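Two complexes, one shared chain (chain A), two partners (chain B, chain C).
Our next item is the complex of A and B:
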């Protein structure tokens, strides 16, 4: 890691806005909408909570808008699959916003089996002055009506209404791990462990299977799909990652069933780091296209990697998230932490990448300066409006006062889900049932 | 938790192996309760042997879930194969019906367990294809070890290594049948479903009688259609009902 003074230049101005405690339930996904005005979270209880950024206050021009709760609704309920005698968890695995096309907002939310399209509308006016009804809605005595009036719209307290518009059910035998809206704004894809389906947003009773890696004999199964995403600009391209650490870029124009990839991105195993756990730690837990569409970001257990779409042989950049865990893989295998799936995120200009780690730490890497920083999301370590202090994990040798030693890391506190505002330096970090929103007050436009 | 794991790893090197049962128990209790003082006891002869046991335990645990996490399962199986491949098989020795008392037997046991383990793992994964059929959980296997001995039935209990026969290395026995006892399979007894050609893998105790669920050839009905039809039949989903609020 760089010297502390330098790392502070990146993060020095990140202040903590709020910590929102959701009741009991662990947050399972976090997603900004395309403007960053709205932030949606899904939790294990099947609820979705949407936050809205307040407009900047004129009284405090330096204080940018903060996020407040906008709407809460129950997206998925626990279900029972009678056919297989299994309970289907209501946990929200992913939320993706649709691009806004009118006054309403729409998002897709999914649990293990069913995707739902929700429409969020506002009502802030109501008509008053009916001829036949009085203000309370009771019918008027017609003999008292002597003249006609035109009802007028009067302002009322804002009411946010959420309604389910589509339910895309029965498309998946295995557990859905990703959904991604196409840039054509008409279709989206959903991926489970072995298959990827393409849906039209208006059609719920059928979907097209575009990837199927299920072997004829299940005993030959050695690889599963772990994440997938559409290209941000080319509506025919998408990528999916596997448990073996490979990425496959597919072109839907080439064939109806995209089992044959157009490009295969795979880094050969480093022989010096080979161990029994090599495959597990190479399993990609998240893949994200850059906003530019030129690069992909992947997260595996110990690193984040930036790939150039034009180079399949290896990533162009590799960042160590917590390399000190490399010697602890056996213990992490014992306690199953090695199977944790961390997400990753780009900032709006694709110059900084972010991912979570253990002990409620999260890491940011500046691709240009090659500086990185470790920050902590916890109420104890940061008061509201205070500047976040960079953290350091010491692996032996010289230990400074506030360093954490590797053996004191709390592996039960992990940041799996993070999101970055599409344009500004605002990040949302989920730690168990807490949501932290951090804003960069100084360098809001550039980074 | 981590430091305990570290300590244990160092102590695992090169000590005389006690009875494997004791070692297994030590691994077992450690697994269940990391504060157990037995943590420091009875290390296996070879470091990777305890990793092997751990992986087998994980695989077993994963398969016992009503709906296994496929990614976890596949990663554990692949890791287990790597570990297996790295273990040098010794000359085949006659099978030992009881657990070994002498050191050095561990390797021969591992050797004889390799083939059986591969066979049983292959069968297990084959059973996972039944995930798409009417039955989700893995079927009990009629695994006879290569020595021709059927596995003794033992009551299932999570973490109990009775299920792990060290001689054959087979993971599952009919202990899993207990999972199916409470399932009402009457809805599956229907003419609509043609019995699958492959039938069921018979368990050593009950055969296919306990599990009435007929299985379909995957080619006969698409999985999603099957699920949908079953939902309609059991009334959880009406045909063509538009999504209403709160559904």
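Our next item is the complex of A and C:
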């Protein structure tokens, strides 16, 4: 599949080169592995595409570690639950890489109901010189065998094989929204709207329920779980976010069922901003621990917030992503955009945070310099090796030449999924069915 | 005033979303529906607390007067009669449990009458909304109310109860609904509009048979359904949303009634009190408001 899109440039990677966008090709998740060598994307059609960074070669100094398609496989298929008459979408909600422990790579991919563990192996040698079989594998006529030989391994074209090793099914009644691998590399958790389960990577027929916020009477339901993640270093800590905008840090040592949080991170609502949609825009769509483990990053509809684990009362930093939408919430509610779940990301040193917005814009905020930039992921503005030009949305008042006015923003083009390389300044940005990979110019020059 | 219009519009949009969520691929999304129901609640609160109501009750002066008569005549009249031809252009689905009494009003007020009847119907089948909203069996409903037209037209004749946002909200959505449809004849409908979202509607979804019997059936279904959901294995329960709609349904009917007293069939009694008081106020509107046609208010809202 990837071979036909061979015009891969450093700034562009396309999954499909069609002029139309089929729904199934829309990317639904993006994730770098722990070294950044591999980049996995999942789409609405249940497929996973893995990109691998080419090693930098002296011969082509410009091609500094481009990402090329490494493997493609169908992870999930649409299913039908006959008992409930419900169709289960095959859309990949989340992909999480396991830390690499041998030559093979492993990742977890999940749709609404089922999590699968995939093992990705390479085969670049094959044995030749069998005694009983010939080159095509047919049995030899024994009478023609006059001597014995030891088969030898000869190099062959690289073949990437992907096989499902585990299927973790029937663990969730509601839609799974996140998975997170524990730092102990043995367990992982999966969260749906009301429950969080702890699984062992090797055991598929049972899981432990560690959080259950389902009320006895569903009519009393007021909030749901929206995202959850394990702490990067402490295998007993995890956080989950709610639709009410709160974060709960739980310690698995405290009790088997972590319904009681150890810490509750909540910012009181600003009464001056109250509207019909206050609850919707305060719902946290993504939560990410910093690499250091000291901070958490949350994304709600209009802002990204940095929280210090040591302070529960309020975030230490709040960045407005697109505050100009605050007056348009009703229209955004009508066209369902207000329900969009944007993700957020830290850079490797936890100094810059990134999140997506509309019109294929994405924003980066430097926590140290307090500077921010808006960039656009589009074919027109992303010629290979071109430097992205910062964009600006004008909200009335003076309008500069290349500004975009709020009213001309395209709300059908949105960046929901972004990922940052764990060590370098390389980012992957998904816009509908396109994957954009950008590198920091400064970095590339120093190579 | 603007808040009320806004609230009204938001309620109708929310109901549309709840309705559409039932036919979305992948099943009902709990998170989104919860958020929508929260918005619905907020908008409804604003709507009901706003002291400047009654925009929707605007309509031909005769309409409000006839309203009280409607309920009385409603049930006995032809439940299940299809909507009157003038408005019939708006919808093709047979509307069960529409009172025939509106015949008098039919010319212009078919909707109010039907809506009144529907509201009454809602009362009787308080849970019908729940059934309609919560149960996924709208396949049956779609027989009577094809979802296509329903969604696009926000049919004024939508069966009441489901979206129920009865009462104030109901009025507003109705106006909006009419606004969206090509208004053939002047639609003095006003408060009766029922948001198209929702399913079920008066009468049982897909059971256009007139009479109160079909009305009761959906309620039983709806009652059974949440019950079934509770027992046995867990299912994704959206009964809360459906029940929310039924709550609205009961208060909606309360609003329609001139007298604060609701019918005995009120499903949720506690809502009646405050809302019942309001309808009284709403009904005796000022002349100015009465003159405003629901069309103009609806158009204003957009």
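The definition used in the following text is that the second predicted complex is superposed on the first by the 415 of 447 C-alpha atoms of A that agree within 3 Å, B and C clash if a C-alpha of one lies under 4 Å from a C-alpha of the other, contacts with A are read in each partner's own complex, and residues count from 1 in each chain.
Here is the rule we use: a contact is a pair of C-beta atoms (placed from the backbone, for glycine too) under 8 Å apart; a residue touches a chain by one contact, two chains touch by 3 or more.
Keep in mind the model is a prediction, meaning the values are calculated, not measured.
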{"item": "Partners on chain A (chain B, chain C) - clash or fit", "value": "clash"}
{"item": "Touching partner for A:257 - first (chain B), second (chain C), both, neither", "value": "neither"}
{"item": "Which of chain B and chain C A:175 touches, first, second, both or neither", "value": "both"}
{"item": "Which superposed partner A:185 touches (first chain B, second chain C, both, neither)", "value": "neither"}
{"item": "Which superposed partner A:167 touches (first chain B, second chain C, both, neither)", "value": "first"}
{"item": "Chain A: partner with more touched residues, chain B or chain C", "value": "B"}
{"item": "Chain B versus chain C as contact partner of A:279, first or second or both or neither", "value": "both"}
{"item": "Chain B versus chain C as contact partner of A:202, first or second or both or neither", "value": "neither"}
{"item": "Shared chain A contacts, counted only where both chain B and chain C touch the same residue", "value": "83-87, 173-175, 193-194, 218-224, 226, 243, 276-277, 279-280, 283, 330, 333-334, 336, 339"}
{"item": "In the complex with chain A, residue positions of chain B that touch it", "value": "1-6, 9, 31, 48, 51, 54, 58, 66-67, 69-72, 74-75, 77-79, 82-83, 86, 121-129, 131-132, 134-136, 183, 187, 223-224, 226-228, 230-231, 234, 236-237, 240, 243-247"}
{"item": "Chain C-touching residues of chain A, taken from the complex the two chains share", "value": "83-89, 91, 112, 173-175, 177, 193-194, 218-224, 226, 243, 276-277, 279-280, 283, 330, 333-334, 336, 339"}
{"item": "In the complex with chain B, residue positions of chain A that touch it", "value": "74, 80-87, 116, 163-167, 169-175, 193-194, 204-205, 217-224, 226, 243, 276-277, 279-280, 283, 328, 330-336, 339, 406-407, 409, 411"}
{"item": "Contact footprint of chain A on chain C as seen in their complex", "value": "6-7, 9-10, 13, 17, 25-27, 29-32, 34-35, 38-39, 42-43, 46, 136, 233-237, 239-240, 243-244"}
